[in-house]
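One chain, chain A, links the two complexes that follow: it is found with chain B in the first and with chain C in the second.
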Partner chain A sequence: MSTIRVRSPASYWLAVPAAAWMLGVVVVPIVLLVWVSLWGGRTFSPASPLTFDNYARFFANQTYIKLAGTTVMHTVMLMAVTGVLGYCIAYCLVMKVRSPGWRLALFLAFIIPFWTSTLIRAIAWVPFLGVNGVINQLLMSIGATRSPIEAFLYSKTGITMAQVSLYTMMAAGPVVYMLSSIAPQLREAAMTLKATPLTVFWRIVFPLTLPGVVIGQVLVFLNVMSDFATVATIGGNKHALLSNLVLLFYESSQIRAASVVAVLLMICMLVGVIIALRVVDVRRLGVER
Partner chain B sequence: MIGWKGRSSLTAWVLGTLTVIFLAYQWLPIFTLGLLSFSGPTGGTTFPMNGTSFHWYQELWRASVMNDFKPPLLRSVLLAAACSATTIVLSVMAAQAMRGQFRGNGWFFYLMLLGIMAPGILVGFGFAILMRLMGVDLSWDTTTFLVQVSWTLPFGFLTMLAVFNRFDKRVEEAALTLGASRLSTFRRITLPLVLPGVIGAGLFGFSLSYDEYARSMFTTGPDATLPLAVMAQLDRQLTPEIYAVGTTTTLFSLIAVTLCTVAFWAMRRSTSLRRT
Partner chain C sequence: MDSLAAPLEVMARPQLDLELRGIRKRYGDFTAVDGVSLQVEKGQFVCLLGPSGCGKTTTLRCVAGLEEPDDGGILIGGNEVTKDPPWQRDIAMMFQDFALFPHMTVAKQVGFGLEMLKKPKVGIAKRVEEVLKAFEISALADRKPGSLSGGQRQRVALARAMITEPRILLLDEPVGALDYSLRETVMLELKLLQQRTGISFIWVTHDQNEAFSLGDLVVVMNHAKIEQQGTAEEILRRPATAFVASFVQGNNVFRGRVTGTSPDVLQVETSAGRFYVPRPPDPAPMLGDAVSFSVRAEQITDAPSQRQANRLTARCTAVEYFGAVRRHIFERCDGEVLKYDQFGAHAARIVSGQTVQLGWQVEETVLHTGAPG
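Showing the complex of A and B:
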């Protein structure tokens, strides 16, 4: 017995407002993007004939194809860096930090920046990266370089550095969750059977945390693919990824071109998520009932 | 050869060092931002600071029309409050509905997850086109509100699902057995017990809406919210004033997080009290 009867009409009606909201604001606009990207003709109206011309125009341009390639490469590199770094940090937090007080303090220290504005955190990298920035001043004071390196602000390096700091905890979080749910007896049993620590890690610990790794990678993938704000803040106008292209076309009122890029971005993301779902069954983790 | 124990503590040292370095890597920019916001009137956007002062905070206060952050701040706070309130009502309703296991609740769950997974740039852009086709004017208090709730609601929903999972159902059963109606049981027993979780969901919604940039950018129209105003100012000119805004909103967010943590802690305490 509970305050709501199982399979009652009331439970159905309680879900309707939220479902309608999500359908109207998330699902309909995304379907609309696909539709608009197929509009031909000269005027922007629903009466336009449907063609693949917009896509043909996009793929005819070498620059755009290269940009798509750069975006995917950049994302894959960030996934690798944040994945390895995040796993190391998660392993350290769960397995190596013994005192509960320290562990809580470290957890908070990692999580708190995560709660503040991503935009502000991206802007916070600007005074670090410039020609007179903190990194260059530091390098010059220890004598590593004589003249400031211009390669940080308005560069790929700078964007990568900022994004690593923004997204590593996204990769680490799910791993922390999976690591702390491994029973210590499993490792002890393997050790008793004379497995080396490395074997224990690769054959027992790592496979058990794999779902966490994959979820973390999906989160990083989705966020980096669509993160135009960091690229715009730190890359200036010199660098762009696919998501910036959406914005660029939108601002110059090329709505159909923008929708084409948006749809391609969406397809990349869907492919990524589907590959991830083939590796782990996320549903087993998501619905705890 | 080093033995197992030696190697294990070596790994611990290496991983520990890496963790501490990354921690510094994550925090240093934020501290620098805070520090530089107190630089003197002639201070630039990087070191040296040229003295310390509240100059840039004063500048923030008596701003000109061009870079006045007060109206955007007011809009952002009002919008976040509205999103938070809507999130609370809808997510409690939706989570309660999930307890009723209505037909298609699996689909419903995935629909909510989609709201978290779908990137803001796609949702914002798609919604902007939809509004354009429907002939609706973009504005921070209508269209942006609609879009932002679709972002805050799933997080509130997941929070409420977790809260209802931890919740001791026997208390409800007792009230119902004693003849209370379902509605009054919910109002007088269930709601007070899950209230800290509800507050947590609300603060979650507030913070997410307050910081949201991508969704607002496409749907806001002429009157900007705070993140949009900050980005616009960044495009025009980078001054320590932006750092002052950044420091202020970061502190604001931290206060919200602290309140959230305290609410959850209070809930944990109330549940553990019940068990003893």
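Showing the complex of A and C:
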């Protein structure tokens, strides 16, 4: 077997297909997006002068600012819920399920739904949450409520429930990986040094899984920020987040405004990722054992 | 004398740091520890010796509380702790690969045990500093384990375990992960440390050189059971079972049946010939009983006289040199190997391929009185 040295001509040629693909589907569209968002003037054409007017117009509108605030708050809340829930699931899977067969089966049960598209999974929640939906039927049959609860569908609660179910495994996955890479002897060593199980968790297990938690949070953050499908299907037309604003502008042919929101959304996400990378050096994951 | 005032009971039974009463541990169909009983006196250095899978590590983990025995009792310092979790036991443990916490600096790591005992912060910092100095790792205080060498890790692990001054220190193959050249130095240091502190050490190893050079008490285990326990000399000189004899280097093991008895001597017929072994006190083996016995390689001579009543003829297949010892490997008439060690620098008398008569004294023959392995 031969190896290719990092800076040899061959290694550059081998990188060409991937680089071309990235250039075509990521870099060029983003440059176009930023360019369009800066178009001024009255006509929609490449000849337009470049200004920050579109951005100024966005920031001048209180409704949009409030919507941006709501979006961030909603995302942070979801990160908290999926983070805690995902950690618990990961912990149970790795630490409590002893049989490797069961662990694999449960893990698959959790991730197989991810094989369908986000849109389909979001729509699948409608029959669950509706007035005659599964959850209401169940609640009424056990006598928890007399009349069906309308607040599930086309509401903030419904959106949150659906998104929690969609993104919890994203928070859990990296934690599963980090948890299973902790040598059992570390916990045992802490116990022989008089640490109680709770202390072992907070002082040994949790710090060692922190990179996994952060990566999971980044995944949830990115997905919730850009998730317009769930908000649109479960929220009806009553609720919107920043990403729905992009769709709204796009559908009404306000391409410049849509670009502005898209660019701002992208900046938000970048800032989020940069903050996360400051907390944990993802590139050094698993090196220090 | 003060001791006269002490209660009789205490005088009759010296204080034990550890007592195992017939502990048993099963994993499904596999029995890992099968009725192990052991008494460790205060400040004793005990080595659990045996091949891998013999149950020595499981025994150690039971003492630590990391495994709960299915049966039997564990007493530490006279207190029953069988069901107690590890954090309630007066022990510390050093793990085979040291199990250092990758996210903690050496200083934090070493202070962890004291922190868990809820000692005041100032006191911890001072004590950590002292201990790091004593173990000559002060320079590493702010480093993390990832950047340490094997020898440095070993010191950190030891400092971390010793700082809480436990009654018993459990060591699972503590030098197994070190370079061969480092091992002897570290072993000597650990022995001196143990003698200075008076903490009981329970050292698990598969290396008999470690066990025999360190242990006040050596416990040989095989197939989940204790085969023999005693001083290094007792185990080397008087192996109790065929397993111990063959596990310990330098023994020649024979198996056969008793074909004659007298008040002092048993006659045993083996596939390699007829031999005489000293008759043990009753209950001695009877006529027709299956027995095994052994003779050490250095007790054999290649010029047997009247005194060497046990004799056999064998062909030399190889000669090996170990410093002061020249070891001859022979093939017995039944195809088994016979080892014969010659000390001193005198000229080689036997060459490979040569057939010679060998012999040894009946008194040097050790009948295995334990259950045949």
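By definition in this document, the second predicted complex is superposed on the first by the 277 of 289 C-alpha atoms of A that agree within 3 Å, B and C clash if a C-alpha of one lies under 4 Å from a C-alpha of the other, contacts with A are read in each partner's own complex, and residues count from 1 in each chain.
Operating definition for what follows: a contact is a pair of C-beta atoms (placed from the backbone, for glycine too) under 8 Å apart; a residue touches a chain by one contact, two chains touch by 3 or more.
What you see is a predicted model; the values in this text were computed from it and never measured.
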Counting residues of chain A touched by each partner, does chain B or chain C come out ahead? B
Could you say whether A:Thr199 touches chain B, chain C, both of them, or neither, answering first, second, both or neither? second
Would you check which partner chain A:Ala189 touches, where first means chain B only, second means chain C only, and both and neither mean what they say? second
For A:Gly83, using the defined touch cut-off, is the partner it touches chain B, chain C, both, or neither? Pick first, second, both or neither. neither
Of the two partner chains, chain B (first) and chain C (second), which one does A:Leu208 touch, if any: first, second, both, or neither? second
Touch check for A:Gly216: first (chain B), second (chain C), both, or neither? neither
Thinking of the overlay built on chain A, is A:Val246 touched by chain B (first), by chain C (second), by both, or by neither? first
Take the contacts of chain A with chain B and those with chain C, and give the residues found in both. 196, 287-289
Could you please specify the touching residues of chain A with respect to chain C in the complex? 183, 185-186, 188-196, 199, 203-204, 207-208, 287-289
Please name which positions on chain B make contact with chain A in the complex. 4, 7-8, 11-12, 15-16, 18-19, 22-23, 25-30, 32-33, 36, 44-47, 90-91, 93-94, 96-103, 105-106, 108-109, 111-115, 117-123, 125-130, 133, 146-147, 149-150, 153-154, 157, 165, 169, 172-173, 176-177, 182, 185-186, 189-190, 207, 210-211, 213-214, 217-218, 227, 230-231, 234, 238, 242-243, 246, 249-250, 253-254, 256-257
Okay, in this complex, where on chain A does chain B touch? 1-8, 10-15, 17-19, 21-30, 32-33, 36, 46, 85, 88-89, 91-93, 96-97, 106, 109-110, 112-113, 115-121, 123-128, 130, 132-134, 137, 164-165, 168-169, 196-197, 222-223, 225-226, 228-229, 232-233, 243, 246-247, 250, 255, 258-259, 262, 265-266, 269, 273, 286-289
Which residues of chain C touch chain A in their complex? 64-66, 85-87, 89, 91-93, 95-97, 99-103, 112-113, 116-117, 144, 146, 160-161, 164, 170
